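Every chain is named by a letter (A, B, C, D, E and F) in the order it is written, and numbering of its residues begins at 1.
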Amino acid sequence: MTETAPFGAELPRYLVDQAVREALQEDLGLAGDITTDPIIPHDARGAAAILVREPARIAGLDLAEATFRALDPQAVFTRIVQDGGEAEAGATVARIEGRTRALLTGERTALNFFGRLCGIATLTASYVSKVEGTGARIACTRKTTPGLRALEKYAVRCGGGVNHRFGLYDAVLVKDNHIAAAGGLGVALEHLNKRAGHMVKIEVEVDTLDQLEDALRFPVDAVLLDNMDVPTLKTAVALAKGKVLTEASGGINLETVAEIADTGVDLISVGALTHSPRNLDSSLEWVRTR
Amino acid sequence: MTETAPFGAELPRYLVDQAVREALQEDLGLAGDITTDPIIPHDARGAAAILVREPARIAGLDLAEATFRALDPQAVFTRIVQDGGEAEAGATVARIEGRTRALLTGERTALNFFGRLCGIATLTASYVSKVEGTGARIACTRKTTPGLRALEKYAVRCGGGVNHRFGLYDAVLVKDNHIAAAGGLGVALEHLNKRAGHMVKIEVEVDTLDQLEDALRFPVDAVLLDNMDVPTLKTAVALAKGKVLTEASGGINLETVAEIADTGVDLISVGALTHSPRNLDSSLEWVRTR
Amino acid sequence: MTETAPFGAELPRYLVDQAVREALQEDLGLAGDITTDPIIPHDARGAAAILVREPARIAGLDLAEATFRALDPQAVFTRIVQDGGEAEAGATVARIEGRTRALLTGERTALNFFGRLCGIATLTASYVSKVEGTGARIACTRKTTPGLRALEKYAVRCGGGVNHRFGLYDAVLVKDNHIAAAGGLGVALEHLNKRAGHMVKIEVEVDTLDQLEDALRFPVDAVLLDNMDVPTLKTAVALAKGKVLTEASGGINLETVAEIADTGVDLISVGALTHSPRNLDSSLEWVRTR
Amino acid sequence: MTETAPFGAELPRYLVDQAVREALQEDLGLAGDITTDPIIPHDARGAAAILVREPARIAGLDLAEATFRALDPQAVFTRIVQDGGEAEAGATVARIEGRTRALLTGERTALNFFGRLCGIATLTASYVSKVEGTGARIACTRKTTPGLRALEKYAVRCGGGVNHRFGLYDAVLVKDNHIAAAGGLGVALEHLNKRAGHMVKIEVEVDTLDQLEDALRFPVDAVLLDNMDVPTLKTAVALAKGKVLTEASGGINLETVAEIADTGVDLISVGALTHSPRNLDSSLEWVRTR
Amino acid sequence: MTETAPFGAELPRYLVDQAVREALQEDLGLAGDITTDPIIPHDARGAAAILVREPARIAGLDLAEATFRALDPQAVFTRIVQDGGEAEAGATVARIEGRTRALLTGERTALNFFGRLCGIATLTASYVSKVEGTGARIACTRKTTPGLRALEKYAVRCGGGVNHRFGLYDAVLVKDNHIAAAGGLGVALEHLNKRAGHMVKIEVEVDTLDQLEDALRFPVDAVLLDNMDVPTLKTAVALAKGKVLTEASGGINLETVAEIADTGVDLISVGALTHSPRNLDSSLEWVRTR
Amino acid sequence: MTETAPFGAELPRYLVDQAVREALQEDLGLAGDITTDPIIPHDARGAAAILVREPARIAGLDLAEATFRALDPQAVFTRIVQDGGEAEAGATVARIEGRTRALLTGERTALNFFGRLCGIATLTASYVSKVEGTGARIACTRKTTPGLRALEKYAVRCGGGVNHRFGLYDAVLVKDNHIAAAGGLGVALEHLNKRAGHMVKIEVEVDTLDQLEDALRFPVDAVLLDNMDVPTLKTAVALAKGKVLTEASGGINLETVAEIADTGVDLISVGALTHSPRNLDSSLEWVRTR
């Protein structure tokens, strides 16, 4: 993962700034921090540390830093670990020095971002470690928190996972309801064959081996093998291998992911990575007032 | 809960519209739905149903409805259950009729909102049922998803919980880092006594009985009894009862909440309600193409 | 007031930046400053001073500074007086050095903010000085200029006043129309008793002593004694004292405020502080071109 | 004025919608109306009336209507008087029927707009009536409330006044600081003569008759005669009449405006129309609950 | 093209609304339409027609309709031709009835959108007709007008062309500067091979046959054959055919496009479609005042 | 032109920032630059140059600089030529040093702005040179790209042209459809005479000499002589000269503009300057990786 940090796709800066601005507005409203301002002098300075309370794959330090610096542009934020790196329970991952008011006011917003993104990265890393050596990659879905998709997909990358499409706009995925509404898989794929853009990949969801065979008659790039049991999945992978990418999905969890990976499937997509991660337990510890 | 629906605080309409608009922009980008549009005629119409796949406390139907109607202003959305109501596994909670493209394009966005809000409401309802009859109320915190605080706090209300403050601006809560940075609880409370607004409530976090006694010397409205074991909590409640509201917090879960409630504490705040809910499993089932 | 400056609630920085950005866009449009740009070279530099032409309580220097620095990030803004401080007629309160174009282009926007906020602070200070020694505090209301509430409430604090609630969301105030629409004060308060948040204060507007007695039967935090004559007000305060906060409102002006305060009421709210202040007379004087 | 209503420049609809949306967000925050929602059933309906408590020139009904309809799109708003019309003390100017919650929640926002705009229109009308028969017109300035310029200039038109430029972008006005910074009036006007757009009018501020003679050597459209006593103003008007528009400004009030107008000046600009109007006293009276 | 209309990818509605809102704000500013409003009564109604003055492929009627309906929600907009359809010089393509002010105020904004989008669609259609029968498709690029990319790419589709990637985010295109900065094509493709998402296509720009052979050693989906003469292009296509999509680009115009297409290349991308189209000559003709 | 640069109306900074922010969001989406990030290390630095490939009048360097600095605030942008200056084919007009990722990611956005604005400036300069010595000035119109009007009008100024009105709000222009809808020129001008603001210029479009004579009976500032042949135009200019500004428009091109100018007309407005400029051919050449 160390290599990923310098090379991996950056989280666009404007997304970080926008997310932080909106989160701070949500927390400060019109009156601001009515606890901190009356008790801390305007020019007091202090130092604090961000700690994780459980083993963690780190993601979201850009957001924590941007939160504190939005409140104090001169704040100094020092990273001990980088996004994509790992930390033991109790480890300090970053230190912040700056105006005391900024540290106290920004604490919750910074940790809300950090806890959620580390939660996703850590969960993703658990899945990734379960499939190590199998060739299967762990992918996320569009089951993300509204408004946070770019951040959550970035956290998946920090956890060693890969991103499926970002939205309805950047890849074609024909699902059960499309097939039902279009009146059949063939009809749908014929239309797409004529009209889909040449720089766009096409994937089809199939539930049975029959559907898989139907799908393979068309020039698709990938098949989503949905909710198949392991033996069926193996057969499906055998049928599709070498022709299209294979992706397994549906009810996969940390107990079952390894045997799914052993089927030889290329990708395993897990909605829970982004829709139901447990927040990573982290805190801001006060270091000193100066 | 039936009474809550007609009387409870509404989710301001502008928040619903804004959340839906941003979520759809996130999913549609500039190219739109490149799967649906090529395979479904512009004027095709259809019907679908929203189902829950597990027992649920419902929240977020406004967001689902607004999603489909943003894509088809003539879509008809019929609720079988209301927000705050309950549904069995497999139950249909709403039906939608409208342009087929709108139904297919809006499916994931609608379910992303609905699944998260039902997840929160259902988890809240579990806690509420555990403390039934004790007089304790279940409260949420500021550990919410950035950008979704209003929605998530609304879901807590749908689950029968109560909202703690919405942000740094609407109530005072003096926490450990404030005390550390200010140089002591007494210093902090003296400042607040002089400067806090007359329409604002003040709460203080205390970790020990000594701190509690300190806090009770000041005109505060509530004390947050943080991470106390049950016997200590009982003593603390006895000390504070009749003087200030008492709130327990810290590492409370579905196993421990009942004995916490039995201490006679007024409120039990649970960060996990909003920071780590499991998404409720739900789906959009295709009913017919017309 | 000197103590207030270092400790008082800050005006959140994002509100300052947003207000200044919108005001400059309003004044510059698409063509920019078509008077200044053609007559002043791009790189000309100058210095100017902000003067008050009448005795003033100062508020709004953050906005003036942000205006000039939005137009010239290198501009140097030096404060002679701080927000919350006082200035004699003719006094210079701040100096600005920077690009001449920025000084001339920003002049009106800076003074529009500064004049309005000083007007409010100065008017508030007049009321505060009238009630000195009585224990009564002067409060503002929600009768603010749409879009400027946070700024205007900040100016009230600079004038030594206190802020009533910031909006419909941070405290409960049951007024005449609520009582009329709900079908009586008792009905309204019973509902609130069950449903209002535990961190929210409740105030009730009463016009008569009978209504006051009704209100005191419920667990409210404050009563708004509306449009009572002085003897009635005295009786009302006597009834409520020690039980709830008392607030007088309705047609109070600089002539009557002292006798209102003498009734022993805790708070006197004055809508005119924010809805009808006279702009403070101020100007930007050119110091030199360099 | 009756003629103005059907023909006068409309307040662009998008400005009304934007102002109302921002004002409601300011008042509702994330929690919404925590007084009204718990005490009024979701589906309760009612009727109310907007009254003026003093003689008024009406302005701002579009904003009041848009406020209530933003909260209840089915609300019916009926105007008894139109913008630009007049109302006696105690008169009802509009009636609203709709959801009770919408009426109670929108009351303050609607009246904040309405009171300010009527205040400006009524003050403008006072000035206009003082100069009736003289040929002089009453004009506003750029001394407006940040963010509300379009609304306030519209209110001036409703009061029978005329609008000076809307911003730095739509007309040239060379003021004292421009002349100081540019190094003289001649320098400034030579530059403008070469570079100002052909569809843009040019006005110059002059303090003395000498400056006026200087200005008249250049092709300007208007002169702003600043702070001149009445005899000087008369001489200035005589010098300029027939060549350029003449505008008087500086410390003009309701006592002095008539004699200023008698000098024959074309326009009299009054900053106080928009920077220091007294809010018109108005209220929302409850009519019935249904 | 008739088939495209009912099936082709929709222009997302929110993009239409946003573009129209911004364009109207740009044209109306704060004062609104100061020509129309003083001369046309508020309630006057009229009818007008949109005509093309030269043969046209139509695109952009959604934007014209949305413009008029933003100004008059009751306006009736009737299409004679659909987007993607063709019109002769002088043909009426749509009729509008509504408030006269709305028709006059919206005219220029509606035609600015319509003229630009028809210009792009018509130019695209010219290229498409030149390559008819060859199997080559005409594609656009990212050389679009900032802020209008979605609209311009939609117009290309209306002209019968296909869209290349929408941005930096939905497909990989390795260009000369990437290769220079990365230190060689091989280095770049090895990195991408490890890190590009599985649902993303990869294209490489090559200038020579040697570079093409290099590129074909990697698992790429398409090659951009840049600025090759026709014989080289033929060789390149022969080398790549059956392995990857081939795309020609660089200095292609209406004179040369047919011989480029005859090389058998799959796609021909033309930046001028969106960066330098001539506006289609169109007008709003007044039909009647009613 | 050298003099224009230091003195001409600036492009307001907020417009530059806003245009660049929106353009980058359009190009980066949620995933960012998925070509550059995987192949270029995070901390790699490089240098590049902006070249023009044909003779150019330069405009838009502020936008190019702001694009790169939005992606790398430490990037150094050095101008060889200024806006309003000229460059030969092949000339380097600016150099950029900074993070390699920022240079590669910003390339297309920077050139999209630069190419369009230079295209407009260069086309304007061609017209200006054709009328040199005649006294006629070249003006733009409101036929601009939606959303880019301020930028395009600035480019016209860089090309030596003058700006006509910026929108419907800053000058009156009575056109054919106004006359038709109002029921005659006289009716329209009488209304305007009573209601137009005193700081606003009025222009009337006339198609015939009869209409011109009608128009000259009213106090208008300019006449737009639309689509007149050269002899008629000469007569019209003779009639109007000394009374009002004269402007020719309608189907003017580089072949005909000189003889139009020879008629003595004051202004020649050319819609094609902004609605149909050819993008200037420019490129970003890689200089070195460091």
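Note that in this section contacts are C-beta pairs under 8 Å (C-beta built on N, C-alpha and C of every residue); 3 or more make two chains touch, one makes a residue touch a chain.
It should be emphasised that the depicted structure is a prediction, and the values quoted were computed from it without experimental measurement.
Listing every chain that touches subunit C and subunit E alike gives A, B, D, F. In summary, the interface at B-D recurs among the listed pairs C-E, D-E or C-D; the equivalent pair, sharing over half of its contacts by residue number, is D-E. Homomeric contact subunit B/subunit C is classed as same-residue, with over half of its interface positions used by both copies.
Mean C-alpha positions place subunit A and subunit E at a centre distance of 33 Å. The centroid of the Cα atoms in subunit A and the matching centroid in subunit B are 22 Å apart. Once the centre of each chain is set as its mean CA position, subunit A and subunit F turn out to be 44 Å apart.
Distance between chain centres (mean CA atoms), subunit B to subunit F: 52 Å.
In subunit F, the residues that reach two or more other chains under the touch definition are 7-9, 26, 28-34, 38-40, 149-150, 163, 166-167, 169-171, 191, 195, 197, 200.
The touch graph of these protein chains is complete, with an edge between every pair of chains. Partner subunit D is touched in their complex by these residues of subunit F: 4, 7-9, 137, 139, 162-166, 169-171, 191, 195, 197-201, 203, 221-222, 245, 266-267. By the touch rule above, subunit B contacts subunit A in their complex via residues 19, 22-23, 26-36, 38-40, 44, 46, 48, 100, 103-105, 107-109, 111-113, 115-116, 119, 142-149, 166-178, 180-183, 187-188, 191-192, 194-197, 200, 271-272, 275-279, 284, 286, 289. Put simply, subunit D touches subunit A in their complex at residues 26, 29-30. Taken together, the subunit E residues at the contact with subunit B in this complex read 5-15, 149-150, 153, 163, 166-167, 170.
The residues of subunit B lying in touch with subunit E in their complex are 21, 24-25, 28-34, 37-43, 70-71, 101.
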